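The following pair of complexes shares a single chain, subunit A, combined with subunit B in the former and subunit C in the latter.
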Partner chain A sequence: MAGESAKAVDVAGAMITGPVPAVDWLIVAPVLIPLVFGALLLMFRHEMRWHGIVALIGLAALVGADAALLSRVLEHGPLSMTMGSWLPPFGISFTADALGATFALTAGIVAFVCAIFALRDIDVSGRRYGFYPFLMLMMTGVSGAFLTGDIFNLYVWFEVFVISSFGLLVLGSERAQIDGATKYAILNLVGTTLFLIATAYLYGTFGTLNMADIARKAQTISEAAPLMTLATLYLLAFGMKAAAFPVNFWLPASYHTPRIVAAALFGGLLTKIGIYALLRTLVMLFPVERAILADLIGWVAVATMILGVLGALAQSDTRRVFGFLVISGVGVMMAGLALGTETGLSGTIFYAAHSMLIMTALYLLAGVMKEMGGSFSLHELSGLYRASPLLTGIALLLALAIAGLPPASGLWPKVLLVKAAVDANAWWLAGAILLTGFLTTIAMGRIFLFAFWRDAPAKGVAKVFDPATAARPVVGQGVLVVLTVPIVLLGVFPEPVIRVANMAAAGLLHSSAYINAVFPAGGG
Partner chain B sequence: MRTLIFRTAAPYLSSLMLLFSVFVLLRGHNEPGGGFIGGLIAASAFAILGIAYGAPAVRRAMYFHPMAISGFGLFLSALSGLLSYAFRVPFLTGLWTSVHVLGVEVDLSTVMFFDIGVYLVVVGSITSIALALEEREDG
Partner chain C sequence: MEPAFAVLVGLFFAVAIYLMLSKHVIRILLGVAIFGNAVNLLIFTSGRVMREVAAIIPEGATTLAGPVANPLPQALILTAIVISFSFFAFLLVLAYRAYQELGTDDTDGMRVAEPEGEPLPPIGY
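Showing the complex of A and B:
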C-alpha cells in the first residue's frame, strides 16, 4: 500500500530522514512508562495483590527517566523529538526544557512517594475500583503536559489527567465524593473548554499549534492579530486550572472528599500544571501581552494568596485548611508571573517545585494524624505530641516550610519573589507575600496547638483518642520522613535548585534555545 | 427485553455488526473508517446483545473483562509506537513490511497495530460503560 508509493516520492522536505539518536527517547520515556504500566494494570485489574508493587516499579522507572532527562537538558539545553518522523510544525513535537523537566521530575517523585503511602492507605475495595491504573494514567497525563511542545497536545494531556483524576476522586463512591466530583468535573470542563476555544482561535491566527513555532511567529505577526484576546483567554482558562481567585471555588469544594492519597496527589500536582501552562503561554508565547496584563495578574495574585490563607484560618478540618493553603500558594506563584523578571520567574518555579513536595506532605500528614488521632477535625484532635514526638517534629518542619521560614524549603523561593517585587518597586506585592507568610504561620500554629500540644479536647467534645493506645502508622510516618528530607535539604542547600530555576526562567524569557531545539538552524 | 423477534434477530445482527466493524477498522488506513469508528460499531453490537439477553450474557460471551480489553488495546498501541526505537526513527513512526502467507502478499504496519489498539480501547471502554448502565437498570 503506502509503502511502495512513499519510496517514489521525495519526503526530505516533510519528514525526518536521518536516524534519531537513542538518547532522544528520554523525552517520550516519562510518558510511555506510566502509559504502558497503566495499560498492564488495567489488563490485570483483578490481580490486586500485584498492583502496588507493579505501580511502584513503574513509578521508580518514571523517576529514573525524569532524572536522566533533566540531567541531559541541564547539560545540553532543550531536547526535542517530533512524533512519526514528520518535520515540525507538521508533526507533534515533544520539547523538554529545564522548566518542564524539573516539574516532571518533582511530579514523578511525589507520585512515587504517594504510591508507597497508598500501599497501606488504599484497601482492597480501592484497588478494585482501580486506584493504581488511574494513578499511572494520571501520571501519563501529568508528564505529557510538562513535556509536550504542542499546544493542542497540551490540551489532550490535560484531558488525560483530568479524566484520570475523576476516577481517583470518586474512588469509593461515597455521597460527599460524588458531590465534590460533580463540582470539580463541571468547573474543570468549563476550564478545558475555554482552553480549547482559545487554542482554536490561536490556530486561526497563527496557522500552527507548535509552541516553538508560535513563539517564533508571535514576534513578527501583524499588529492586527488578536494576541491580547488570546493571552486573556489563556489567563482565564489556566487560572481556573491553577485555582486562582476568583475562579478557585472548585478546589475547596472537592479536595477534602477523596482518599487522602488522592487529595495529596491533587494538592501536590494538579494546580501546578495550571501554573506551568500559565508560564508557558504567557511568558514564552505572549510576553508583550503579559506585560500589559501584569497589574491584573498582580492583583489576582494578591487576592488569591490573602483570601486563600484567610480561608485556611477559618477552617477546622485539617484537609480543608490544607486545601486553602494550596490556593494561597498559587497566589504566591502568580506573583512571580506578574513581575515577569528573571528573579521573579525563578522564584515562581522554585516555589512550584517546593509546593508540590510540601502540599503532598501536608495532606499525608493529615492522613497520619487522622489514623493516630482518630479525626480530621481540630475540635477533636489532641495530644499527638505525647503519642509521637517524631510526627510532631515532622509537623513542625512542614509548618515552617509552608510558612516560608528557615530552615525549610519555603524560605528561598519567597526570598527570590520578595526581592524581585522590591526590585520592581511593587511594594504591595512584596507586602502581600510577607503577610501571607505570617498568616500561614498562624494557620499552621493553630493546627500545631490544637492537635499536638493540647492534652485533651475542649469540654463537651467526646474524646476520640488516647495517646497510650494510639496507632503508630509506621509506613505513614516513614513516608513523611522521606518527604521531609528533600524539603529540609532544599532549605539548607538551595543553590543547585536556584541555579536550575534560574536556567528555567531564562529559558522562558529567551526562548531561542527552545526554538532552536525544535527548528535546528532556523529551518522548518 | 423479552421480545421474541428481537431475541431471535439480535445474535445475527450482532455478528454482522462485529464483522462489519473489523471491515471498517481495516479499510480505515486510506479510506473513511478506522479504529475509533470500528470500535464504536463493535460496542453497539455488544450493546444490542446486552439489551436482548442482559448484561451477564454479554460478559460471558466476551470472556475477557471489557476493561482488560481496553488495557490490552492501550498496551498494543504503545508497543506499536515503541517498535520505532529499534529502527532509530522517532516515536510512532509508521513502519511497513509485507509477508507472504499461502502465496498472498499481506502488508503489515505499525500503523495498523496502533489502529487495532485504538479499536480495542474503544470497544472495551464503551462496552464497559454500556454494560454498567444496563446492569444498573436491572438491579
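Showing the complex of A and C:
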C-alpha cells in the first residue's frame, strides 16, 4: 500500500481507493462460486457420498448468481469491475453485458440439470476419477469466458475449461475414449495456441488487452494496422473451437466417447463458447473486418450446416447423430455472424441459448434410450414407445425443437435468421438454413421411427430389449422433463428472450455502453 | 535484435507445422511443443527485446525515459508457459496410454472411436 512506502505516492490516478462496492462481487460470483466448490470437492475427494450433493448446492448458487447478474444487467446496462482495484486498462476487467450474462445463465442451468442426471449416471468409480471437481472447474472456465472483459484473460479461461474437459472426456479410460481424447486434445491445443498468436499480435498493435479499450482504439487506429490479419486469425482460432467446417473433425471423433453426461455438457456448452468469442471479437472489436470477411463466413456457415446434417444422416449411433447435429447448429449460428445485422445477430444469440438446452437434452435422451432400450445403435433400438409413452412425447418435442419446427424453441431463432438473410438479399443463406432444417427433420424422424415406433429390430439383429422388463429411469426421465419445459416455453412465449437477444445484439453492434461501463468518465 | 528473433519465430513455426502434419502422434507432439515455444518467443519479441535498460521510472519523473522492454508480454509468457507445459504433460501421458491401449502411434490406425466400414443406418423395417 502507498502509505507504507517511504514516500507517499498519489495513486488516485491509477487505482480505485474507495471500498469495493457490493455489485463487484456479483460480477465475479459466477466464477468464484464454482471455483470455491471445485476446490472444496478436491479437498474432500475421499468423501464421495457428498460429492453429488455439494456440487448441486454449488451449481444452484451459480444459477442464482447468474440470474441476479442478468436481471441487474438488463436493468442497468453493462456492469464492469476491475481486479485488484487498478483502474482499467491496467487491471483485468470483468465486464458483464446482456450477451455474456445470458449465456452464463443458460450454461449454469445446463450444468445444474446435468449434475442431477449425473447423480445416477456417474457411479463411484466415476466420482473417484473426479467427475464433480472437473465439472465445477469446467464451469469456472465457462463462466469466466462469458464474463471477462480482457482478451488474454479469455485465453486463460479457455484453457481452464479445456483442460477440465480433458478430465471429463477420459473419465473411465476406455480405449475409444483415449482414441477420441487424443484427437480432441491435440486439435484443441492447436486452436487455443492460434488464439494466443492472434492475441500476441493484437497486443503488439494496440498495446492493450482490455476489450473495451481495444474496441475504442480500433475505431481510430491508423489504416496501416494489421487488423485484417487479427480478424482472420481470430476467425480461424474460434472457428476451430466452435467446430466450424473445415476445422471441425475433432468433434465427431470424440463427443460420443465420454460418459453421456459429459457428452451432454460438451455438446451443450463448449462449441457455444467458440461462437460467443467469435461474436465478441469479430462483431464488437473488428466490425469493419467482419464485413469484409462476411462472404467467407457465410460460405463456411453453409458448408458447416449442410455437411453437419449430412454427417448426421449417415450415422447409426444416436450419440454420433447428435454430434453431427451440434456441428450443423454451429453453421446456423455462423449465418447470423455472416449477416452482421441486428436481427441476424439476435437470431444467433437466441439460437445459441436454444442450442445449449437442446443439445444437452438430446445427449441425455440418448443416455436414457440406452438405459431403457439397451443400445445406442439404430439397428438394435426398438419398441421404446411401448415401454414409455412419456419418453416418446419428450423425444418428439426435442426432435421438433432441433429441426426448428413449432411449438418448440428452435423455430424463432431460425425465423429471425431467415428474415435477416432475406432482408440482406442472401437467398442462398436463407435456403441453406431451411434445407438444414428439413434434413434435420429426416435425421430425427428416423431415430423416432426406428427407436420408438418399430416393434422389434430387423431379423438377424440380436434382440437387446424387452418392453416388459425394460428399466424405467426415473431421474433420467425427470431431468428430460425439466429440460423440455423451458424448450417448449421458449417456443410458445419467445418475446422475452427475443427482447434480451435484441438487447445483446444491439450491445455488440453499438459498443458505447460496454465501453462506458469500463471507462465511466471516458478516461483511462 | 528483433529481426533476428522474427526470423527465428518463423523457423519455429515452419518446423512445428511440418511436424504436426505427420501421421505419428509422437511427431505431432514434438510439433505442438515447438508450436507453443514459437508463440512464446513471438510474444516476447513483440514487447521489444532490450537488455540494458530496466523498465523503472527514474526518480522525479512520471514516465519512462526512453524505449525499454515492455514487462507485460513477459508476464503473459509466464502464464502461457505454465499452461502449455501442463497441457504438454497431459498430452504426453495421453499419447503413451494411447500407444499402450491401441498398440500404435500411427493416426491412420487409431480408429477405435470411429471404426472403419461401419454399417449405414437401417433404411426401413
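Quick note on the criterion: the second predicted complex is superposed on the first by the 518 of 524 C-alpha atoms of A that agree within 3 Å, B and C clash if a C-alpha of one lies under 4 Å from a C-alpha of the other, contacts with A are read in each partner's own complex, and residues count from 1 in each chain.
Everything below uses one rule, namely that a contact is a pair of C-beta atoms (placed from the backbone, for glycine too) under 8 Å apart; a residue touches a chain by one contact, two chains touch by 3 or more.
This is a predicted model, so every value here is computed, not measured.
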{"item": "Which of subunit B and subunit C A:203 touches, first, second, both or neither", "value": "second"}
{"item": "Touched partner set for A:299, first subunit B, second subunit C, both or neither", "value": "neither"}
{"item": "Touching partner for A:176 - first (subunit B), second (subunit C), both, neither", "value": "second"}
{"item": "Most subunit A residues touched (candidates subunit B, subunit C)", "value": "C"}
{"item": "First, second, both or neither for A:83, with subunit B first and subunit C second", "value": "first"}
{"item": "List of subunit A residues in touch with subunit C within their complex", "value": "152, 156, 159, 163, 166, 170, 173, 175-183, 185-186, 189-190, 193, 196-197, 200-201, 203-204, 252-254, 256-257, 313-316, 378-379, 446, 450, 454, 457-458"}
{"item": "Subunit A-facing residues of subunit C, complex", "value": "20, 25, 28-29, 32, 35-36, 39, 42-43, 46-47, 72-73, 76, 79-80, 83-84, 86-87, 90-91, 94-95, 97-98, 101-102, 107, 110-114, 118-122, 125"}
{"item": "Contact set on subunit A toward subunit B in their complex", "value": "1-3, 16, 19-20, 22, 24-25, 28, 32, 35-36, 38-46, 81-85, 91, 130, 133"}
{"item": "Touch list for subunit B against partner subunit A, complex", "value": "29-30, 65, 67-68, 70-75, 78-79, 81-82, 85, 88-94, 96, 98, 107, 109"}
